[in-house]
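Multiple structures are listed underneath, in structure tokens.
The same subunit A turns up in both complexes below, where it pairs with subunit B and then with subunit C.
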Partner chain A sequence: MTLESLQDRFTETLDTLPGSPSVRSARENAMAHFSQVGFPTRKLENWRYTDVGLLASSDFDPAKTPLETTLSASTRAALAALNAGDEAIVLVDGIPQREPGTWPKSEGLALTPLADLWSRADILPQPESFEEAPLAAVNTAFARDGISISVAAGCRLAEPVHVIMVTSERTSNAPQPRIVVELGEASELSLMLYLIGNEAAPAWTNLVTQVDLQPRSKLAIHRVQELGSKDVHTELLSARVRDAASLEASYIDLGGQLVRNDIVVDLIQPEAECNLYGVFLADQGQHVDNHLRVDHSAAGTVSNQSFKGIAGDRGRGVFNGKVVVHRDAQKIDAKQSSDNLLLSEHAEIDTKPELEIYADDVKCSHGATVGQLDERQLFYLRARGLSDSAARGLLTFAFANEVLQRLSTAETRDRVARRVLERLPGKLDWDELL
Partner chain B sequence: MLKIKDLHVSVDGNSILTGLNLQVNAGEIHAIMGPNGSGKSTLAQVIAGRDDYDVDSGSMTFEGADLLELAPEERAQAGIFLGFQYPTEIPGVNNTYLLKAALNAQRAARGEPEIDAYEFMKLIKDKIKVMRIPDKFLTRSVNEGFSGGEKKRNEILQMLVLEPKLAVLDETDSGLDVDALKVVAAGINSLKHPDRATILVTHYERLLELVVPDHVHVLSEGTIAKSGDRSLARELDERGYDWVRAEVRSG
Partner chain C sequence: MASNTDNVSEFVAKKYQHGFVTDIEQDLVPPGLDEDVVRLISAKKGEPEFLTEWRLKAYRQWLTLEEPTWAHVKYGPIDYQAISYYAAPKNLDDAPKSLDEVDPKLLETYDKLGIPLHERARLAGVAVDAVFDSVSVATTFKKKLADVGVIFCSFSEAVREHPELIERYLGTVVPRRDNFFAALNSAVFSDGSFVYIPEGVRCPMELSTYFRINAANTGQFERTLIIAEPGSYVSYLEGCTAPMRDENQLHAAVVELVALEDAEIKYSTVQNWYPGDENGVGGIYNFVTKRGDCRGANSKISWTQVETGSAITWKYPSCILRGANSVGEFYSVAVANNYQQADTGTKMIHIGPNTRSTIISKGISAGNAQNAYRGLVRVMPTARDARNYTQCDSLLIGDRSGAHTFPYIEVRERSAQVEHEATTSKISDDQLFYCRQRGLAEEDAVNLIVNGFCREVFKKLPMEFAVEAQNLLNVSLEGAVG
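This part shows the complex of A and B:
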């Protein structure tokens, strides 16, 4: 959809979008901002390797009114296969499916559809700025719904909350969902977020997740993306981490044709910590771009970025990890690593860890590798009798597994590992690996 | 079992083996000794099928099959085992997994069914006892963070599980203390069988006190310069290699 049509669609649908007058004005501001900047082009440094031009030329329509959705049998099967339990929160095209009584209940846990929240509250929570992620402005303008998850101070939830986002098979589908996660002081939550697509109708999902962590709280988000092979996925995770709180986020990207994840974390108070992990598999023309920015705004903050990419066929992967250490943010520790495997000569990886440091007593390390499988390791395995393809599959899996192992729920970990294995060469008794 | 005739091997145009002949029969233990750089490790790796080396001429057969036509895994499946001088670390691949995958790959090649999980664990428990390897090593990544001695014991453990027809052990004794050397020797001796053969590639005579070879060969300048029985190993230990080299040069 061209910028002009997007503007027209905004004007046409604004009255139907939920929210108080202040939410409405936040939408108008976002649209005004986007009208100025437009769809990002490769002329922008942050978008150098990722061309989202197809969004402007496609018929994806963020304003499309959600219909009563029908899920295909294959999507239903995919949902069931997630094994996420009966209490999973399912959003279809960004709209939470409200079946009373089926959402998880736990003391201190509040789950609210955002459309409800916007009509009551005066705010449309929005990212600090759209500079890092211009498409988040489109989300702000058009978001119809989503889910707010908040945990009261002191509450530590034992069971993970599962959120499943699924796209329906209608045409021009472009959901603009939003997730808001707020953790009270010293609370704990683990959130599993699944993105499921379909092969019948390509969709553009433009997700914004906002995270606010109060002192000493702990959040783990494990996000597993298994969209359809023609889907476009763009996303912003924007997190503020306070005093001694910690955020762990793992991004597993297996599907999609064009994927762009912006992960923006501000460690705004002392001792705040974030661990960002990622694994992606890009083949058959898939493009996966992980763009990270961590701001060390306070002293004693700790960050770790560890991303693993596997690109085969004509797949392409991009990693751009930036760490900004602000003035007076002394004694911080920042680690970045981007390790990538190229499985084919037509695959491409562009990786760029960046550091900007304005303090003088800091510990920062970064490294990036792009390589093929280790010939010595391959020979070692083959000399033990494993076929060349089994050895390659095993080593590729071992490479990804260093990150997969961190997924905190065993069923999810095994399922994701299995999905990775299915995509790898060789036929071993993979069950033994899990 | 293994017949090598007039083998010429080079790397990037540099000759390493220059007309090597060797015959190893079932039931025999051969020791290949020689100074650094004489081509001992090259020979071991070429037998296992490492493709960094160019075999320029000559022949190599194993039980009548042309080894040069076989991929490394096919050689392993035929019953050849290489104990690596520097066992490779493989982070993320669990030691037990590799043992089982390797065993099953070889069983499949022989048309046998996969080993039953219970039988496999029993086998492993037996073998780690022989090698005095603690249980915890089984769940660790292959060779990752192992000491030099642990890596070598792990190689022999793999050999015991796979029960190869021909084991080529490349400097398995280097870096071992006396006790570990005894454990490794006991492991090698436990596989001794009239249908099997072993080639020990070594610098030192001390392993050969524990695993007694039937034949000792001195590799010098890319070819076998001298062969004898175990007394040759003792002589080399006392006199070094220079005299062999001198003999070769004087023809």
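This part shows the complex of A and C:
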């Protein structure tokens, strides 16, 4: 959808979008901002390796009004296979599927559809976050609904909350969902987030997740993306981490044709911490771009970025991580690593780990590698009777598994491991490996 | 560590040591740039037609380019019409035939810089092609070099005497419209050095040029071209110093290296141009395009640089690894203090199979300085078994300084192996404590640690340069840290 038609669609649908007058004006500001900057092009340093021109030339329509949709049999099967339990919160095209009354109940946990909240308060992001991720402005302008998850102070939830996002098989589908996570002081939450697509109709999902962590709270987000092979996925995770709070996020990208994840974390108070992990498998012309920015705005903050990429066939993987240590933010510890395997002749890896440091008492390091499997390790396995493809599959899997094993529920871990193995040479059996 | 701030201000208060102006009459073209000025420069130098045309094309291309803004540096707009594009010492007509005939004031200048030209040339066996402002005035050891067929002369002389070589190689590594500053240089380049090493010759001595910007408000646009024929070897040294001026001076040089089969070029630079005063006023803008082309198989190009000067540095000595098994190296120490800004690094473009590159970069930032490493490693699909290793470390001295690392790694060949490592930290308290405990004064301890930090690069420099570089570093860091 061209910028002009996007603007037209916005004007047409603004009145039907939920929210108070302040939300409405935030939408207008966002659209005005986007009208100025337009779809990002490769001329922008932040988009140097990823071309989203596809979005402007396709017929994806973020303004499309949601319908009562019935999910196809294959999507239902995929949902069932997730084994996420009856309590999982399912959003179809960004719209929560159940009455809030039937959502999981747990002491200290509040789950609310965003459309309800928006009519009461202004919780859309501030325009400054658009600088890093211009497409978040499109989400702000068009978001219809989503879910707010908040945990009361001191409350530590034992069980993870499962959120499943599904796209329906409508044409020109472009859901703009939003998730808001707020953790009270010293609370704890683990969030499992699944993105499921379909092969029948390509969709553009443009997700925004806002996270706000109060002092000493702990959040783990595990996001598993298994979209269809023609889907476009763009996402912004924007987090503010306060005093001694910690954020862990692991991003697993298996599907999609064009995937761009922006993860922006601001460690705004002393001793705040974030650990960001990722692994992607890009083959058959897939393009996966992980774009990270961590701001160390306060003293004693700690960050760690560890991303692994596997590019095969005509796949292309991009890592662009940035650590910014602000003036007077002393005693900083920041690590970055980007390790990549190139498995085919036509695959490509572009990696750009950046450090921008304005304070002196810091310990910052980064490392990046691009290579292929170690011949000696292959030989070792071959000598022990594994076929060439099994040896390659096993070593590649081991490379990815460092991130996969962080998934907090065993079911998900096993399922994702199976999915990964299926796509690697040798097609090893997960249960046998165990 | 408590006296850190005091020491830093002491350090910051250090005056530039090479700040003096030599009073020699200059032949100056009035400020401003248009096609007539380009023609005038070309005419003054008596250049052949093809070069005049080449300059004019470059000028026209320059008009279509925009000044790059992506570097991590900040400076006010440059008025390119306020710069004078040509300055030559007036007594050029009766040019010196030997060192004795060189203007004594000029020799005095070199003495102040600590480069006793004749002595150094004799004792160290180094031929010096001294570039004073824009025209070469003395070239030594030419005969000894001529005996083995090496051509080492000023660029203008090469244009007069070897136009065929210039025509063949000029702009083949850095094309005219490569970037804004390269295009500007191509249009108005004043002079520089030319080196030609014939097939199979190992240059009998290290070649050296000292650049020096002297007149106020004149840009210096050097152009260096080095050609190493198959199987040859040359080591080339370049040193730069400029006297103190309050207005910023622009320096936009272009260096082109061509290494054919089995040839090796080693290019070393010590750059200590005037960095501006403690308030960031004045200083050189150093916008340089340096690139080496490993055209032949098994060729090697090695860049070593020690950058302590200039208000702003914008410089990325690069290697195009075209020939099979060719090797590119980049060793760099960049020191920035006060309000200096440096955005420097390298590009290694792997095209040929089995090409290898090594990048070792050490950045030191003190005071309010900003020091950025920016490097590109690109492996093309044709570069089977290409190999790169990159290490860039930054040392921070003082809490107002900044150190930045922007590596770009682009790999399109699966058999390639690319590794990048970087660290940023201040001088470790443990190391300081260890040295202090063994009786070293704090300052000596810091010097020791900093020298150790840079050692990997210094040891790549030719001996005389290594000593100078180490001295420069020690002087710069005197009292810098507690």
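Heads up, the rule we're going with is that the second predicted complex is superposed on the first by the 419 of 434 C-alpha atoms of A that agree within 3 Å, B and C clash if a C-alpha of one lies under 4 Å from a C-alpha of the other, contacts with A are read in each partner's own complex, and residues count from 1 in each chain.
Keep this in mind: a residue touches a chain if its C-beta (ideal position, glycine included) is under 8 Å from a C-beta of that chain, and two chains touch if they have at least 3 such contacts.
Just so it is clear, the model here is predicted, and its values are computed rather than measured.
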First (subunit B), second (subunit C), both or neither touched by A:372: second
Touched partner set for A:348, first subunit B, second subunit C, both or neither: second
In the overlay, work out which of subunit B or subunit C sits against more residues of subunit A. C
A:246 contacts which: subunit B (first), subunit C (second), both, neither? neither
Looking at A:50 after the superposition, I want to know if it touches subunit B, subunit C, both of them or none. Which is it: first, second, both, neither? neither
Partner chain in contact with A:168 - subunit B first, subunit C second, else both or neither: neither
Touch test for A:394: subunit B only (first), subunit C only (second), both, or neither? first
Using the touch definition from the top, say if A:381 reaches subunit B (first), subunit C (second), both or neither. first
Interface residues of subunit A shared between complexes with subunit B and subunit C: none
Taking the touch rule as given, give the residues of subunit C at its contact with subunit A in the complex, in rising order. 70, 72, 379, 381, 394, 396-426
Where on subunit B is subunit A touching in the complex? 48-50, 52, 71-73, 75-77, 81-82, 84, 87-88, 90-94, 97-98, 100-106, 109, 114, 141, 158, 162
In their shared complex, at which residues does subunit A touch subunit C? 45, 49, 327-328, 330, 340, 342-372
Touch list for subunit A against partner subunit B, complex: 374-377, 379-388, 390-391, 394-395, 397-399, 401-402, 428-429, 432-433
